[in-house]
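Just passing along the structure, written as structure tokens.
Note that the chains take the letters A, B, C, D and E in the order they are written out, and that residue 1 is the start of every chain.
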Amino acid sequence: MAEALTLVKEQARAQGVRRRALIPAIILIVIVAACVFGPLVSPYPADALGVGLPFAGPSWAHWFGTDDLGRDLLSLVLVGGQISLTVGLGATLISLLVGIAWGIAAAGRRGWIDTLLMRLCDAVMAIPQLLFALVCVAAFRPSVISLMIVIGLLMSPTTARMVRSTAVSELADDYVVAATASGLTRRRLLVSEVLPNILPPMVVQATTNMADAIMLEATLSFVGLGIQPPDASWGTLLLQGYAKMYNSIWMLIFPALIIVVTLACLVLLSDRLGSAFDGKKVMR
Amino acid sequence: APSTQTTSATSNQPVVVGSSSGIPQLNPAIRTFSFEDTLFPLLWTGLTKYDQSGAVKADFATSWTSNPAATEWTFKLKPGAKFSDGSALDAQAVVDTFNYYLKPDTATQEANKLSTIKSVTAPDATTVVFQLKAANAVLPGAITGVRIMKMAALSTINKDPVTSGPYKVSAFTPDNTVTLVPNKDYWGPAAQLSEIDFTKTADSTAASTSLRSGDITVLVNLAHSDISTFSSDPSISLVKPKSLSQAVTWELDVSSPPFNNVKARQALAYATDRKAILNTAYYGQGAVSTTNTMLADDNPMHDKTGLIKYNFDLAKAKSLFAEAGVTSGATLTWWSGSAFPEWQAAGQIMQANLKKIGINLVIQANDTTTWSDKFYPAGKKYPGLIISNYQSVPSNPAFSMNFLLGGRCECNWNNSQYDSDFNKAVATIDPKAQLALWNAAEKLENSEVPLIIPVQSAPVAAVQSRLKGAWIEGGGQLHLESAHL
Amino acid sequence: MTDNDGTTSSDGTDPVIVADDLQLTFHHGKQETKALDHVSFRVERGTTLALVGQSGSGKSTTARTILGIQKPDAGRAIVCGSDVHDLSQRELRLLRQKMQVVLQDPFGQLNRRHTVGRIIEGALIAFNRGSRRERRERVAELIRAVGLDESYLGRNPRELSGGQCQRVAIARALALQPELVVLDEAVSALDVSVRAQILNMLVQLQKDFGLTYLFITHDLAVARYMAHDIAVMHRGRIVEHSDRDTLFANPKDPYTQGLIASIPVGLPRGAAVRAEFDRRLELQLEDG
Amino acid sequence: MLKSVLTRLGWSIAIVIVSTILVFAILRVLPGDPVLARLGAATKIDPATLQHLRAAAGLDGPLYQQYLTWLFNAVRGNLGDSYFSQQPVTELLATRIPVTIELTVIAVLLSVIIAVPLALWAAARPGSLADRIVGTSTSIGIAIPAFIYGIVLILVFALTWRLFPTRGFIPFATDPLGNLWFMVLPSVTLALVAAPQLARFLRASMIDLWSVAFVRTAEGKGASRTRVVVGHILRNALVPFITRLGVTVGYTLGGVVVVEYMFGIPGLGSLAIDSAFKRDYAVLQGVVLTIVVLFTLTTFLVDLLHNAVDPRLRKDQAHG
Amino acid sequence: MTESAVTVENLVVTVPGATGPVRVVDDISFEIAAGNVLGIVGESGSGKSLTALSLMRLHRSPVRIDNGFIRVAGTDVRSLAERELDAFRGNTIAMIYQNPMSALNPVLTIGNQLVEAIRIHNKVSRRVARNQATDMLAEVGIDRPADRLDSYPFELSGGMLQRVVIAMAMSCNPRVLIADEATTALDVTTQARVLDLLRGLIEQHDMAVLFITHDLAVASEFCDDIQVMYSGRIVERGTAREVFEDPRHPYTLGLLGSLCTLDMELDRPIPTMPRDIAELSRLAPAIDHAALEVQELR
């Protein structure tokens, strides 16, 4: 992973995209840091009732206003961010681990195993993600862990497909022929030659997955099947804000904004990293 | 902010009734959601019904009498009535319907109320006779929920229901919409609305949005948080029951520790900041229950004298908890349903207060099925859980206080004294004697604290002001039988 | 370097490759391509066989078959005495120490995620040759053998020119002290000047280490310069196979004749230019 | 030709079966009791009756046997009865399938109508201001969840301007115009979710094509920019775009879950949420089956269409 | 002195680099007379293609023409508006590209693409254009031309495709033709045939041709004049004979010296470019443009 990251940096520099990728990256870092450290320094613990008047709009004391129980909305958003980001990150990691193993296994052993694994991908992907997530959380009690696993597993076939197609085209590359001819075993070939070439596009995939995961969690929470109160994620805050929309529009606007900003940054980042990796396409 | 209403309402415009749950099926015996109590009286008649004041009134029955022991009741019916398909609606139809409700296979929520009935017979086309297993002075009130159906048409009830009420069904999409049109064969006063659509709204906000925009006419269960935003809107009127008809009930497992100790239950009652809960969780809609009883202060059967007042008192709560072995550092669980924001708000208030006396309250919100799995049906053990719930409280204690009978309540409270007081009261025809028995039972409830009842509240419906004649029954059900534009 | 382990003898009776009636047909849908059509040849130790022919004539396929990457439909490919396609996966892997390959695309054949040092070391790691330190030393030795220095070891292939990449690929091929190196269009993608350097180096390495080359090219002039024997392929068949002098002096097959005839001949006498080149270069270097 | 169509059809069926197995297995892992849930929280019921009701709902017996029974019945058009309403699942689905199909088709058409001009505008001059505007705005557009679009549309168009209803539905057969009027906001919501994705995809493939040699050939002929962009670049980008449309249909079929729920449209999506809340496995299973079949069918059709658009594939099949 | 078909003066083409713009074509000037073939040879990346693309303004951002004057058949190319440019390209000047397979649109029939090329500049009916296309295919030596019109590019061989590309370039009878590595992708036998075809067409239509190639042998056979490019500059120029027989610049010398030819001596190393060739070429005398004019007058 570290190697992949240095490569990202290197390629980004080469393409002069670093500056453009920097803005969303910085915003994301600020959001993550605020969620991690903000609650530690906030004067209002997220679970302290009545630190302000209920349904107060934004003010100097409470930047995002307060909710129906008079809690500080900013603190709630930051604490909610911890859960949203944890779910997003966890699901992304799971999807990458499972997806890479799945895709490499398929690409490495062509033939019927490949067919089988890819058809399994098709089967999972034939069920729209949101519907599948709905089925899963109907069966398992929604919690941070279960959402992480469910969302992660749901995204893994897409990742697996992507890994497989990259790996297959890598396997057709001359360096693989050369490595094979120089006597590498199949497994070593996949792990030490092909895998490092798959990781950089995986960084792009990871940002996309992260955006998808946060979106899916928010959507599930919005229909009431995601993170359950009193645990709050951005999605549940948004749901509560929506329920109190006519009492205090702020409760809706701020969680919505933070979700959109985070997702937009992830999308832009993946976009720009993606174009950084497309070094081959030089226009003349 | 809500603006002016498009008021070109002709009587041809359908009245749209919105609620957060859809209607899954049309068999009135199998009632799933309280919302259906608004639909079924429009479609099917009962023998008796409640009026706005909570008194039992004639419906399809014109009169009724009992023997002095209240073990046999005779009902006289309207002659010449018809079902919506034109077939005869007579005593035999009533007997068939009751027999269906009484069959053990029929999963009906009315079963408890009908449990004293031994047999039902029809000596002639307009007379129905009930033989009871035990004396029951309140039978006419107990059978209001039985809707007279054409049993021969039961199998097609979801596709082409034969009705006995003022309306019939013209279209039905399960869980989404039911469209009603007048039943020309109805024996009573003709229906006044040309079309009623019962429809499912996604959530309370979507519902109130549609109410504001005029896309729905009636919103059955208005969220407490929306009440204040609508109360100043002239195009919307709020409909409330005459009395507070919903008791907030927190259920505890009184058969396992720590709540098998009455002191722990009392401690919890003292630790409950009823005012804060009323104001914050219920937006001030209702009244606090200082005596922690089912019957609200405004109920004529309720008698405060001699009852313990559970004022908010953390010190007292702490010492009572300590006596019951619940000491600092102990953990209790608030078992809530995610569909009810007020439950979670109440839980958070409890959590904050209990923290002050060193008790952790873990809040768990669940979807409805998970929530009910934990404690339902009665007899399950759930030590340390506080389960939020609510009960409809019709003004007649026979249909509210029955919840605490042995084996009934999921709190597993079994008090033979309470049961015998209750049963005696039900069998007693003399009002004074009956009242004394109710009071005795209530006293037990007050001191034993089988449930925590912080607040009595009331369901509120919101209707476009152009619709008149909607009202809410004591048990909380909205009635549209006499609604008109 | 100690490549001569005593087994090398150039007496003409010690074939490193024996291709015996190789046949292979590719199917795409209903279409068939005869990529190898009864291909047979031998390459003696320490010599070079050039395979020439136009695009799609089956040169690469022949090479892949010899290397054991492509299985033929029929026929045998014997390298250093073992039938490549009769071996188990393990045995084939062991045989691979003796035969190595250099491909056409200078950048494509090097893993762009590894450093030059790691690329050359790869083969050594695959066969667990030596300790880490020994491997390091060997890699340094190799990079010098192909005319680069140690400063290149830490670089990434992307930072190298095409010629340098090709040198690295050759260094990697030499790492395991092979007997046979298959060069599939190894200089075709390079500029003429760089190509000349690589060709010179290949000739020198062959002399130093007694290597055997299977040299694939579509450039007859290059083939003439590099090879002892030349085989001309056309549509999967070897249409002519003889030593280089015979081939150019007296091409027998009409296809070979056409091939030689279509080489542009407009260039002035090369020798004269070369002589002039040497002279002028010296002059200018003195001036500068 | 026929053979390859049949093979593909075979795979499609296999995919449907495997995905139903997945869903079936997941739904039965942790059985909350739907029978109990149906009865509500205030009735007493004896265990024998409970057992009887379970058996009637097909909830007894080992898992694989339950599945095989279900599959066997499903093939014959019987998807069981709803645990709640006792209605045949097929009947519940029947009224809802056309609604969802209509919504999906309108939404996908709308998203194409939005996406194609945007992509053309951007890709006509890669790197231009227009390109960057489209690039950034579609990135942000993708980041907005469907329900936020829905809320904003309702607040603006339904509540403030009163142009469209906040919710509700009339069957097309009853009142075609009224039906479309109700469909506007939900389908626009779905289209707004899908359009940025389509636009980005199309823009990216078109911009890639700018660096392909044949585009320069066209420019070199003196073809105007419009001609190059529409006649050559778009024409070639359509091939992957059509495949991508298949994905969009799948995505939209997922999106209807939220949108139908928000707008009270009686389609498969709202049925899915209802049954998920109630753990009405029979219905949920039926909904998933239907949506998977719809999606797989779309993919299958898209494949055929793809062949028709790409001459390389078309000719291959003519030979084969 | 007649007006030449192509005049390029002080052309500078840049691409952005880490430290400001990099001059990849660095102040070059040349002319091509009608009926003449000017060859450009030089190593990869020396700026040959960018020079050619500049003539048609077909370069793409971030490449830009920074300075210089370009006149093609009397048109000042740099001052053309986009509309005018469309009329100019294909009509006055046309180009043949390296890889015929990717130079043609894979989803359109070659007939479609030929007809398009004709109808962009001539307002003729589809039918007439189609007939013209058939004639052109015949002219470049494709048999059964009418049938081939309905083929897709993937159905034809490389040599045939290159003929189609040539036919397309010739469709509007351009005054100037650019061939950028036009035969590199073909094998020797096909290459010889395509070159013959081109030669014939050039003579017949009296076109000026800019012929870019790697292959010195091809250049020496095909071109009238040759100029050698090295890192963005023209380092040597003259008739083909002059350049090959009497090279002056050390780079040209190195290039010719390291070429493999059929008559080269075996068993001695091929001469290679000295390592400090960049240094050497800076020392070499700058090209004398006046001298070129003299050559052309000859």
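Throughout what follows, contacts are C-beta pairs under 8 Å (C-beta built on N, C-alpha and C of every residue); 3 or more make two chains touch, one makes a residue touch a chain.
Values in this document were obtained by computation on a predicted structure and should not be read as measured data.
The minimum number of touch steps linking subunit C to subunit E comes to 1. For the pairs B-D and D-E, the larger set of C-beta contacts lies at B-D.
Note: centroid distance subunit A to subunit C, computed from Cα atoms, is 48 Å.
Taking the mean of the C-alpha atoms as each chain's centre, subunit C and subunit D sit 55 Å apart. Our note on geometry: subunit A versus subunit D, Cα centroid distance of 22 Å, whole angstroms. Averaging Cα coordinates per chain places subunit A and subunit B 45 Å apart. Multi-chain contact residues of subunit B (touching two or more other chains): 367, 370. Shared interface positions of subunit A, i.e. residues touching 2 or more other chains, are given as 141, 224-225, 242, 245, 283-284. Subunit A meets subunit C in the complex at residues 3, 7, 173-175, 177-185, 188, 192-193, 196-197.
Put simply, subunit D touches subunit B in their complex at residues 32-34, 36-46, 49, 52-53, 82, 84-87, 92, 95-96, 154-155, 158-159, 162, 165-169, 261-264, 266, 270-271, 274, 277-279. Interface residues of subunit C, counted against subunit A in their complex, comprise 64, 67, 69, 93-94, 96-97, 99-105, 108-114, 122-123, 126-127, 169, 172-173, 175-176, 182. Listing the residues of subunit E that touch subunit D in their complex gives 56, 58, 60-61, 82-83, 85-91, 94-95, 97-99, 102-109, 113, 116-117, 120-121, 152, 154-155, 165, 168-169, 172.
The touching residues of subunit B, counted against subunit D in their complex, run 6, 16, 22, 24-25, 31-32, 104-105, 107-109, 111-112, 158, 173-177, 199-202, 206, 209-210, 212-213, 215-216, 367-370, 372-373, 376-378, 389, 407-408, 410.
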